[in-house]
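Next up: the structures, one after another.
Shared between the two complexes below is subunit A, which pairs with subunit B and subunit C, respectively.
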Partner chain A sequence: MKFDTLIVGGGLSGLTCGIALAKRGKRVAIVAGGQNTLHFYGGSMELLGNVNGKDVDNPIEAIAQLNENHPYSKIGADSVAELAKKAKALLADVGIQTIGDATHNHYRITPMGTTKPAWLTIDGMATSDKADQLPWNKVSLVYLEGFIDYPIDFAANGIRQMGVQVETPTISLDCLKRARRSATEMRPTNLAKIFASTSAVAQLAQAINNSCGDADAVLIPAVLGIDNDDVCNMLKAQVNKPLFFLATLPPAVTGVRINAALRHYFQMLGGRYILGDTACKVVTNGDTVTEIRTTKLLDMPLQADNYVIATGSFMSRGLVADFEHVYEPLIGLDTNAPDDHEKWSQYGMMGDQPYMSYGVMTDGNFHPLKDGKTLTNAFAIGQILGGHNPVVMGDGTGVSMITALAVANQIK
Partner chain B sequence: MNNKNNHYDVIVIGGGITGAGVARDCAMRGLSVLLLERFDYTNGATGRNHGLMHSGARYAVTDKESATECIEENMILRKIASHCVEETDGLFITLPEDDLGYQKTFVEACRAAGIRADIIDPAEARIMEPSVNPDLIGAVRVPDASIDPFRLTVANVVDAQLHGADSLNYHEVTELIISQNRVVGVKARDMYTGEVKEFYADVTINAAGIWGMLIARLAGITINMFPAKGALLIFGHRVNKMVINRCRKPANADILVPDDTVCVIGTTSDRVPIETVDDMRVTDEEVRVLLAEGEKLAPSLATTRILRGYAGVRPLVAADNDPSGRSISRGIVCLDHEERDGMAGFITIVGGKMMTYRLMAQIATDMACSKLGKNAVCETATTPLPGSEQQKPASGKQAFAINAAEGRHGTFASKIKYESDTDRAMVCECEGVSVAEIRYAVENQHVPNLVSLRRRTRVGMGTCQGKLCACRAASLLGRFSGNIAKAQCDLAQFLDERWKGVKPVAWGSALREAQLTATIYQGLCGLDKAIARKEDEK
Partner chain C sequence: MATTQLTSISDHNFEQCLKCSICTVYCPVAAVNPAYPGPKQAGPDGERYRLKDPKFFDEALKLCLNCKRCEVACPSDVRIGDLIQQARMKHKSYRPKMRDMMLASTDLVGTMATMVAPITNFTLGLKPVKAVMHGVMAIDKHRTFPAYSQQKFEAWFNKNARDYQNTFAKHVSYFHGCYVNYNFPQLGKDFVTVMNAVGYGVHLLEKEKCCGVAMIANGMYNQARKQGEVNMASMRKSIDQQRPVLTTSSTCTFTMRDEYPELLGINNDGVRDNLSLATRFLFQLVDEGKIKLAFRPEFKMRIAYHTACHMQRMGWAIYSTELLRMIPGLELIELDQNCCGISGTYGFKKENYETSQAIGETLFADIEAAKPDYVSTDCETCKWQIEMSTSVKVLNPISILAQALDIDATRRLNSSEWHRMDA
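Then we have the complex of A and B:
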């Protein structure tokens, strides 16, 4: 089977790249294992949130402070700014409306009641323009009885510390009764399936209206809208106060929605999404990749003019660490990790862990290196790229989308 | 507090298994008792070992006295602590590189010590324990078992209290109050509030394990102890169902124990300076030894996820007439400091093993009784601990979490109240811990923080190592204890404490899972920021 471009990895970067190419009429296939890191999503894309321990206001300006190995440094600030606009437009195209832009971060509110710099936030999520201030005097933080994947007391505590009065009414809905009776059903995506029904949404709206006295705004866990945001808008229309969503513990309903929206759009453009399969072998010849085999289509080589590796970091198995080495398991690409596992991490969990910045080596155009030589028809994008710590710098989703679009631009 | 006048017959220092056992024995003999622990119960060596209930076979050849003590206590614990024990039995295997001739010596020594030891065919051994190294050339079956030291200790503390004892964890003894060559009490600092309190007693029993050396120093007394670090690794699931030992002279990393949902390989043994015992970290060299030797017992360990490493410190004691420390005893040492050092009202109980804690407690309590002129018989060998009053219920038709809770709390599980749907909600899927069990533990089992909650309920101890359940449990702890801000800090400390164990094995799936945990708590949740904000306020 021959394609123009074959992408390995069906997460945020793989789908972004696939859509950009398919839109230009390219024949694209994505090999996707299944779940990806969008399932751990906080409701916002982050372009660049923190540099040298300080929150970033203007991500584009802050790129100048990054070291040369950061993916944005390879692209250049001006191009990142251009691509950031395209990323926002691409999300809008697939049906994900966002607020925010690349020249001025806003803040998302975390499940712990803290704020984090954000670039694009899904419309309807709770946000603020300031790190330590919220746009309300009094909020009603709704607790759905039995939903323990939402640390409401921590969220309330954090919001109170920003000078906002918080009340936490408990809502007990009949439509959740069956889920509540099970020990393990009250999880975010299960709730989203229940709230796909209009009668369940109406119940929720009525309960909110009955319990949220004089608050300026209502905050509820983001457990609505697994397919699209129709039910979110329906709820907002029925609640008689401004209503915003707060991220929950994983799996993130908003992340699942983005993933599905990107995938459906890609498929609508004619892209092939080979779901539930895993690339297991890549054949190279000199400086080019010639074919890819997958575990389920072993007898059918997949070939393309260009190959994009978007397999993610350790948690997605795009990188693997054994006792002695960090390696890229698919092609054996060169990585920037030292061969001494004691150096990979350090005590103090919340510190800047070295392993977080490991990834494959590439040239300035994201062609990966194997044994010191570039593979000229291959690219690496997303979290498999090293040179940055996404949890410390707040740039994970940004790097995924921006490098995906940068590479799509290069593919003729 | 049961005792209002601040004066006790006995103060016990140290909330490990020995101190908890002493407190229980004293209380059962009608003495008024106060138990003081610096951190949480089981924080020291009690919580940092294999969880192996020795049959004594390991010591049979080299130390018959210890072996005999072990088997006797082993049989007692099966009866009095049945809810803490899993009767797995154990194998002592001979590998091609070992001397098969040792097996005969071993079996004879076991039998001489009163330990049942059956030589079995290697093929039979592989059927009994499919994870065992298939190259084995010999196998002996012995009555080893698996025991939960957290449950065992808490059951002793709870029973001491039921018999009128007072118990304070997070209270550090900072001073012994001495009057005319007699220890008459202690000063203890509340680790949370910083408040220093005085408590008085006729007899003070030092049961602080390796820290007992420092407690004795407070009275100007030297005890010649040798801190011996033992490192262990926990694997992500239960590879073996029987304890697997090497049939050779005791050496490094030759015991693999199944514990609840996981298994543990250990240990190493290295002398360490006393100054370092509060911060034991597993070294790379120890990890290498543990893995290399562990794979020889059960080859599948090579491909099993390592959850974490940890290390404890054995309180080995040199005989008093041997300051060089060459003749170190693993036996029980009970020192009457009046006789030995001219310091009345002060006893140290140390040495021994977790296995023999009850006997150690009996010996120390006997000595305390004779000092107090009290004539009471020890009943700890026959009276079941709370939770083990009756045989385990033959359940299985109930919800997973209720079964799991019965396994953990024995007959006490009936006190866990499932009053609402939410009470049944699963907090920790790996270990089957419900909201109701968390509340029960917070309200009844001295749970000042999330790490203590883990020890009481096993929340966060399973395969996922607290990925989502840590947040759920912290949130519930905040709600049930009423201190939400503290519970949030506890969450960060809990994750950091877990990371301390993961760091030495941070490659393979351990590294992968660590990245996921960091992505959730640092990335998605911004927990680091919540903690930073809290620290700014201080």
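Then we have the complex of A and C:
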């Protein structure tokens, strides 16, 4: 089977690259071995949140402080600014409206009630312009009875520490009674399926109106709008105070919605999305990739003019660590991880862990290196790239989208 | 010193579970039926308890459709559906009811029904009869049963097609399945037309039994295993004669290729690689330049393709969709991945009817919105469900191909091909 471009990995970077190419009329296929880490996104994208231990206000300006191995340094600040605009427009095209831009971070609110710098946030989510201040005096933080995936006390305390009064009314609805029968399944996405019905939304709105006395705003976990934001808007219209959504623990409804919207759009453009199949072998000849084999298509090689590797980091098995090496399992690309595994980690799980910035090495155009030589018709994009650190620098989603678009631009 | 275990040693990759919960997002049953604990809980989480003490087995596991959508979604390759089916097999305490046996024994019921097709079709559609079935047999009264055909496919084949199959240069065997044999022989006829046009003779297997998918779903594992062994023996003979075995049903194919060894412990070595879906076989031949297709220039059709659950699990939808895309006058819309809700005999049971229809709702709405001439899918139970629940008729890709092909021109293209290769 032949395509113009073959993308391995169906997450945020693979889909972004696929859409950009399919839009230009290219024949593109994506091989996706299972669902992806988009399912963990609580509704915000981050371009660059922290450099040298300080929150970043203007990500584009802060790129100058990054070392030369960071993917943004390879692209250059001006081009990143350009591509960031395109990324926002692409999300709008697929039906995801966002606030924010690349020259000024805002703050998103985490499920634990803390704030983190963000680049784009889905319209309707709670955000703030300041790290330690929220735009309300008193909020009503709604708790849905039985909802296990929301650490309500953490969230409430976090918000209180920013000087806001918080009340946490518990709402129990008839439509949720059924769901409570299966406690382990009261997850954000299951609730979203219940709130897909207009009558459930009306019940919710009424219960909120009855229980949120004199608060200036209502905050509610983001458990609405798995297909689109129609029900979110419906709820906002029916609640008689300003209402904002708060990120939940995974699987996050917002992430599932972004994933479905990107994929739907990609397929509408004629892209082939091969789900549940895993690339298991890449055949190379000198400095080029000649074909990819998958576990399900068996004797049918997939061939293309260009190959894009977007298989993610450790979590998605784009990178693997055993007791001796960190390696890229598909092609055996060169990584920037030292062989001494004592150096991979350091004390403090949530701290600056060296392994978080491990990944494959590429040249300035994201052609990956194998045995020190570049593969000329292959590219690596997204979380598999070395030189950045999503946890400490807050650059994960940004690197995924920006490198995807940078590579799509290079493919003729 | 204890040695370090480097690789997975558990069945169905169960200890690879990262507890990410992604599988629960895609389980069609958990979404609509709170009595079902969901794939993560029923699969890897529950298995940890069951291994300690079988008392932890939960009868609610029988609500699993075995659609495998959870497995397709799992980023860590945990075979959740297999875990659940195997737990049912190991721990189940209930015995299949008469109704479940009737629904599962597609061969037996099919044979009985074809003999009296006009009566069966008439009585199955009759209100009082449906009420009796609903009450006595617990088959849901809203169900329209697929009509039984008056002439079985096998009978048609033996009378009208068998004799000239040996005139071809290459050969395949056809596992037609119960559906083609009893309910919709036209698909079998279309298959013969297409294969003959591209230069292949079609043969029946020496013995064909239902693949047993419905028996597996209804807990009749021993019967399923017996039938499976018969199928494997017949297929081995066919393969020894250089005749690969083709089907037109994704579920039959999946069951015999993957469920046989994974769940029933049937050895299908040597068969598995030579047992394929017709669309895959044809696509590959075209792709390798071994056959050529000529299409009728006036053919026009707008198709919405639905990826059946087991087709999705096999990862083969791309063969069917790429084959359909070769047809110049065909416009293809790929429907978003949603289960139709019927899953074999599941949706036929009274206790599952509501769940089944609720699961299918999104798909039905997408189909109506796409306004296609036909829906296309590789699974026959999906066909029943979609035709019952939407205004659109469903065609197997092979039937579409049979309509779109210029049969004479295709035959000429491929017979000259053979001459050239012989020379």
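The rule we apply is simple: the second predicted complex is superposed on the first by the 412 of 412 C-alpha atoms of A that agree within 3 Å, B and C clash if a C-alpha of one lies under 4 Å from a C-alpha of the other, contacts with A are read in each partner's own complex, and residues count from 1 in each chain.
By definition in this document, a residue touches a chain if its C-beta (ideal position, glycine included) is under 8 Å from a C-beta of that chain, and two chains touch if they have at least 3 such contacts.
From a predicted model like this one, the values you see are computed outputs, not experimental measurements.
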item: Partner chain(s) touched by A:34 [first = subunit B, second = subunit C, both, neither]; value: second
item: First, second, both or neither for A:181, with subunit B first and subunit C second; value: both
item: Partner chain(s) touched by A:247 [first = subunit B, second = subunit C, both, neither]; value: first
item: Touched partner set for A:190, first subunit B, second subunit C, both or neither; value: second
item: Touched partner set for A:322, first subunit B, second subunit C, both or neither; value: both
item: Contacts of A:44 with subunit B and subunit C, given as first, second, both or neither; value: neither
item: Which of subunit B and subunit C A:115 touches, first, second, both or neither; value: first
item: Greater subunit A contact set [subunit C / subunit B]; value: B
item: Partner chain in contact with A:362 - subunit B first, subunit C second, else both or neither; value: neither
item: Which superposed partner A:256 touches (first subunit B, second subunit C, both, neither); value: second
item: Common interface positions of subunit A, toward subunit B and toward subunit C; value: 37, 40, 180-181, 184, 250, 315, 317, 322-323
item: Parts of subunit C lying in touch with subunit A, wherever the complex brings them together; value: 4, 6, 18, 20-22, 24-26, 30-32, 34-38, 40-41, 45, 71-77, 273, 284, 287, 312-316, 318-319, 321-322, 334, 336-337
item: Sites on subunit B touched by subunit A in the complex; value: 281, 284, 399-401, 421-422, 424-427, 429, 434-435, 468, 471-472, 474-476, 478-479, 484-485, 487-488, 492, 495-496, 498-500, 503, 506-508, 511-520, 522-531, 533
item: Residues of subunit A defined as touching subunit B within the complex; value: 37, 40-42, 110-116, 145-146, 148-149, 151-154, 156-158, 161, 177, 180-181, 183-184, 186, 247, 249-250, 252, 313-315, 317, 320-323, 341-342, 344-350, 353, 355-356, 390-392, 394, 396
item: Subunit C partner contacts - residues on subunit A that touch it in the complex; value: 1, 29, 33-37, 39-40, 178-182, 184-185, 187, 189-190, 193, 250-251, 256, 260, 264, 267, 272, 274-278, 294-300, 315-317, 322-323
